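Quick heads-up: structures coming right below.
Each of the next two complexes has chain A plus one more chain, namely chain B in the first and chain C in the second.
Showing the complex of A and B:
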C-alpha cells in the first residue's frame, strides 16, 4: 500500500492502527482536546499524543444524559459518546483546555463519569499579550511537571528539543502537500488531504514524517487531475468529518484550502522555536499562529487570513461552516456576512452543520447549489 | 422531486407543453416515472420522446434516464425568471426546505446569493402540514382562515414539535381557531423573513413552491418584510420543474455544459 492510502486509512480510523502498535510496545497514549495543547510536550514525555475526535459516533445517547442536545454542540457530544461507549478505553489519560465551553464541559463530564487513569486541564489564555504568554508558560511548565510525575521521569530539554523538531518537520511536510493545491489541477482531492490532516494529529510524528516524505514522492509522479474545478475554501468549524469536502468535490468543486482546527491551523505556521527559551517560544508560537475565534478580538486577524489564503489559493468561493450551537463560529458567521462586502474575497456561503446524522442530502443540496452559483 | 410532491414540466424552448403534479410516493424512482408519464400523456407523447431530461429537488439523482441533476436552488431561479423576468428576490417555501434566492438583474435567472433553512422544519410546508393535522382541516383552507382572523395569536416556539404542543394548548384554552391559524402562518413568515434578512431584500419579491398558494403566509410575510409579494405568472408549484426543463433545453442546444 502506498503512503497516500496508508495516511487515508489512518485518518479514517478512530483509533487508527498505529495506536495498537504503540500500546503493544508498552507505551502510553494520551488524548488531548484542542489545538492549543502542544503535542510536543506530551510526546517529549514518551506518550503518543492523540487528538480526540468524534468520527465513528453514530449517536449521542449516553452523552445526551448530561449534555442536552437542545443547546449543546454535537461535536463534543460525539467525542463524549465515544468515551462512554469504550472507543477511548485505550487512552491512558485525557487532557482538556478552555477552547470552547461545550468542549470544556464534555471534558469535565468525561473525567467525572468515566474516571480516566490520568487527567489534566491546561488553562490557555485568550490574548497574545506579554502577561498572557507568561501565564501560558506557567501553565505549560505545570503541565510538564505533572507529566513528569505521572511517567516517573523528567522531560529534559533535549527530549523537548527533539519533539519540537519532529513536529516542526511534520508541519513543513504537510505544508508542502498543502501547497500542491495552489496548482490548477491538484494531484489529490481536498477530501484526501483532510484525511491526511486527521491522521497527522493522531499518529506518531516520526511515522508521519516518513509517510509524508513518501507521499510527496508519490505525488510528484501522479498525473494532475483532468478537469478544471471550482476552487473552494472551507472556513470555520472544528470538524474532522469529510462530508462537506465530499459534497463539494462530488459537485465539481475541489477544496483547496481551509482555516480550520482539524485543518490548516495545525500545520501552516511552524513553531518559532528558540532552544534557549523553550517554553516561552512554544507558548508564543501557539498563541500567535493561525487563530481560533476563541481568542479575544481575533476576528480582524482571522478575516485577514481568509482574504490572504483566498488570494494565495485562487479561491472561487468560501464555504463558511459552523456547527449548530457553536457560539464561536456562530458570531464569526455573522461578522463575516456583515463585512464581506468590504472584504477582498469571492462569493461565500454559510453552512450550518450537525456533527451526528448530518443529513447528507441537505448538505449536498447546499454545496451543489453553491458550486452551480459560482459556475453561473 | 420534492419531499411532498413530484412535478414534471415538458418544455419546447418557448412554452410549457404540459405539466403534472402528483403526491410523492415512498420510492422516488416511482414518483419520477409516474409524474413523467402523466406529463407526457397530457402532451400526447411518451417518455421516450423527451430529448433531454434534467432532475432536480431532493430526489434529483433518482430520476430515471435523466442526463443531468441540478440543485433546486438553481432551477427555482431559472423557472421563476421564465415566468417573470423581473424577479429580484425569490422566496421558495417547500415541504422540507425553505430558501431565499437573490437573482441577477439581467432576467436570465442567475443565482447571485441564496440562503436556506437550518436543519429544522420550522418555516417550511412541513410545519403547516403538522399543524393542519392538529386542526383536522385541509391545509388549503389555512390561508382563508388566517385572513378571516381578527387578530393573530403569537406562537413563540420556533421548534415544530414544541409549537405543536403550544397550539394544542391554545386550542384547549378555546381560542378562536382562525386566530390560532393566523398565528401559525405568522410563525412560518417569521422564520422565512429571517432567511430574507440573511440574503438581503431586493424588489420585486416573488414566491414559489407549494406554500406560495397559502394567502395567509403570504400576507403575514408581506407585513413582516414591508413589501408587496407578487404572484408568479404561472403555477408556483412547478417553478423548480420548469427551471429544470429550461436548463434541459440549454443543455440540449449546447448553451450550457
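Showing the complex of A and C:
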C-alpha cells in the first residue's frame, strides 16, 4: 500500500492502527481536545498525543443524558458518546481546555462520569495581553510538571526541542502537500487531503513525517487530474468529518483550501520556537497563529486570511460552514455577509451542520447547487 | 391562549408593527421610568436602582465623551473609579418591553444572526450594527459567562473598529492564582482606561468606590440571610429585576448602599413581625439557573396556586460573600486590585459559567440547602449551553439531598421560545408533587 492510502486509512480510523502498535510497545496515549493544547509537550513526555474525534459515533444517546441535544453541539456529544461506549478506553488520560463551552463541559463530563486514569485541564486565554500570555506560559509549565509527575520522568529541554522540531517538520510537509492544490489540477482530492490532516493529529509524528515524505514523492509521479474543477474553499468548521468535502467533490468541485482547525489552521504556521524561551515561545506562537473564533475579536484577522488564501489558491467559491449551536462561528456569518462584496468571490450562505450527518441529502443538495451556480 | 386553568398571564400583541429605530433609551425612560414614577410614593423607593440605571443611560446619551461600554459581568467598579459611566448594551434588552425585544431579535435574525441566539444578546445586535446606540469612548469586555460573550466581542470589534477594546480573560479556577491573574489584567485595564478616557486614576476615588462596593455586598449578604427565615420576608420575585440591575450595574455607588440599607431595614422589620410575602408560604423554591423576565405573573401564579415562594435565584442575586476586611482609607492599589479581581471572579452568573461544572453544581446545592428549598427549578436559558450541561448532574446531586429539581427550557426575555402557559404546565405537576411530598413528611 502506498503512503497516500496508508495515510487515508489512518485518517479514517478512530483509533488508527498506529495506536495499537504504540500501546503494545508499552507506551502511553493521551487524548486532547483542541488544537490550542500543544501536542509537542505531550510527545516530549513520551506519550502519543491523540486529538479526540467523534468519527465512528452512530448516535449520542449516552452523551445526551448530560448534554442536551436541543442546545449543545453534536461534535463534543459524539466524542463523549465514544468515551461512554468504550472506544477511548485505550487512552491513558485526557486533556481538556476551554476551547468552547460545549467541549469544555464535554471534557468535564467525561471526567465526572467515566473517571479516566489521568486528566488535566489547560486554561488557554483568549487574548494576547501581557498578563494573558504570561498566564498561558504558567499553564503550560504547570502542564509539563503534571506530565513529569504522571510519567515519573522530567521532560528536559532537549526532549521538548526535539518534539517541536518533529512537529514543525510535520507542519512543513503538510504545507507542501497543501501547496500542490495551487495547481490547476491538484493530484489528490480535498477529501483525501482532509483524511491526511486527520491522520496528522492522531499518529506518531515521526511516522507522519516518513509517510508525508513518501507521499510527496508519490504525488510527484502522479498525473494531474484531467478535468477542470470548480475550486472551493471551506471557511468555518467541519471537524474531522469529510461529508462536505465529498459533497463538493462529487458535484464537480475540488476543495483546494480551508481555514479549519481540522485543516489548514493546524499546519500553515510553523511554531515560532525560541530554544532559550521554550514555553514563552510556544505560548506566543499558539496564541498568535491563524486563529479560531474562540480568540477575542479576531474576525478581521480571519477575514484577511480567508481573502489571502482565496487569492493564493485561485478560489472560485467559498463555502461557509458551522455546526448547529456554535456561537463562535455562528456570529461570523453576519460579518462575512457584510464584507462579502470586498472579495468578488461567491460565498455560500452558511451551511449549518449536524456532526453525525443524518442530513446528508440536504448537504449534498446545497453543495451541488453551489458548485453548479459557480460553473454557470 | 394566555391563561392556565383560568389564571391570566401577560398577553402580547405581536401583530403590531414595532418601530425599532426609536431611541431605545428614551423609550425605556418613558415606559419603564414613567411606570415607576407613576406608582404610589411609598413604594417608589423599591425601584430606585432601576431609576438609577435609567438615569445612567440618559447620562450616556447626553455625554458621549464619557461612555464606556461594559459587558454585564465585568464589575462596574473600575468605571466608577475612573469617573465615567458604563453603558451595558445587554441591559437594554433586559429592561425593554417584550414586544420591542422580540422585534429587535427578529431584526438581528434578518442580519444573519443564528436562530439559536438568545434574546438577551440577540436583541442588541441590530441596534449595535445600525449604530443606534451611543458611540463608546472605551470598551470593557470579558469572556464569561458563555461563548456568546466572546461572539459579542466580535460584534463590538466589528461595529467599533476604531475603538480599542480591553478584554478580561476570566479564569477557570477559583484559587489564589486565578485572583492574581485577574488582578494583573485589571492593572492593564486601568492603564487602558487612562489612555482611552484621558482621566487619571485617583487612588482615593478607587478606595471610595471599593468601600461602597464592599458595603453593598455586606448588606445584600445580610438581606439574604434574612430571606432564609420562614416565611421568607421578601419573596425574591417581587424585586427580582431591581436587585439584578443593582448588582450587575451599580456596585460601587453610594446610592446603591443607601437603597440596600433601606431594603435591609425593611427586611428586618418584616422578620420581626413575622411577615412574609403577599401569600402564605407553603413551599420554598430556588431557581437554579435563569428565570423568566418577560412575565412576572408566573411567580404570582406559583404563589397563588401552590403557595410556592421563590426564595433565591441563581443568576439574579449576588451570593458572593462579603469581601475580607480592609482599611479602605489606607488600602494600597494592589490590595484594591485584588478585591476587584475577587469581585469579578465571583460575579453572579459569570462565576458559574466560566468555571468548572462543579462550581455550578456545588453553588446550587449550597443555595438550595441554605435556603431550605423544598424543590429547585432549573429554567435553562436556551443558549446557556455550559449550564445546560451541568443541569443533569446538579439534579442528581440535589436528589441525593432530597431536593427534587425540575428542568425546563426558557428564553428569559422572549416568550415566543417558551410561553408562560407552557411554563405553568411544566411547573404545575412539579409543584403538586412537592406539596404531596411535604404533606407526607
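We take it that the second predicted complex is superposed on the first by the 365 of 376 C-alpha atoms of A that agree within 3 Å, B and C clash if a C-alpha of one lies under 4 Å from a C-alpha of the other, contacts with A are read in each partner's own complex, and residues count from 1 in each chain.
To be clear about the criterion, contacts are C-beta pairs under 8 Å (C-beta built on N, C-alpha and C of every residue); 3 or more make two chains touch, one makes a residue touch a chain.
Remember, predicted model here, so these are calculated numbers, not experimental data.
Asker: Answer with first, second, both or neither: which of chain B and chain C does A:324 touch in the superposed model?
Answerer: both
Asker: Taking the superposition as given, does A:354 touch the first partner, chain B, the second, chain C, both, or neither?
Answerer: first
Asker: Can A:134 be said to touch chain B (first), chain C (second), both, or neither?
Answerer: So A:134 only meets chain C here.
Asker: For chain A, which side has the bigger count of touched residues, chain B or chain C?
Answerer: Greater contact footprint in residues on chain A: C.
Asker: Which partner does A:125 contact after superposing on A: first (chain B), second (chain C), both, neither?
Answerer: Once the two structures are laid over each other on A, A:125 reaches chain C alone.
Asker: Contacts for A:369 in the overlay, against chain B (first) and chain C (second): which applies, first, second, both or neither?
Answerer: Once the two structures are laid over each other on A, A:369 reaches chain B alone.
Asker: Kindly classify A:105 by the partners it touches after superposition: chain B alone (first), chain C alone (second), both, or neither?
Answerer: Only chain C is touched by A:105; chain B is not.
Asker: Both chain B and chain C touch chain A; at which residues?
Answerer: In the superposed arrangement, which is not itself an observed complex, chain A uses residues 324, 337, 350, 352 for both chain B and chain C.
Asker: Going by the contact rule at the top, pick out the chain C residues touching chain A in the complex.
Answerer: 111-114, 116-117, 125, 129, 141, 143, 146-148, 150-158, 161, 165, 167, 169, 171-173, 177, 181, 184-185, 187-188, 353, 356-358, 380, 382-386, 388-393, 409
Asker: Show me the residue ranges of chain B that touch chain A in the complex, using the header's touch definition.
Answerer: Residues 58, 70-74, 97, 110-116, 118-119, 198.
Asker: Which residues of chain A touch chain B in their complex?
Answerer: Per the stated touch rule, the residues are 324, 337, 347, 349-350, 352, 354, 359, 361-362, 365-366, 368-369, 372-373, 376.
Asker: If we count contacts the way the header does, which residues on chain A are in touch with chain C in the complex?
Answerer: Counting only chain A, the residues touching chain C are 65-68, 70-73, 98, 100-102, 104-106, 108-109, 112, 121, 123, 125-127, 129-132, 134-135, 138, 293-294, 296-300, 324-328, 330-335, 337-338, 350, 352.
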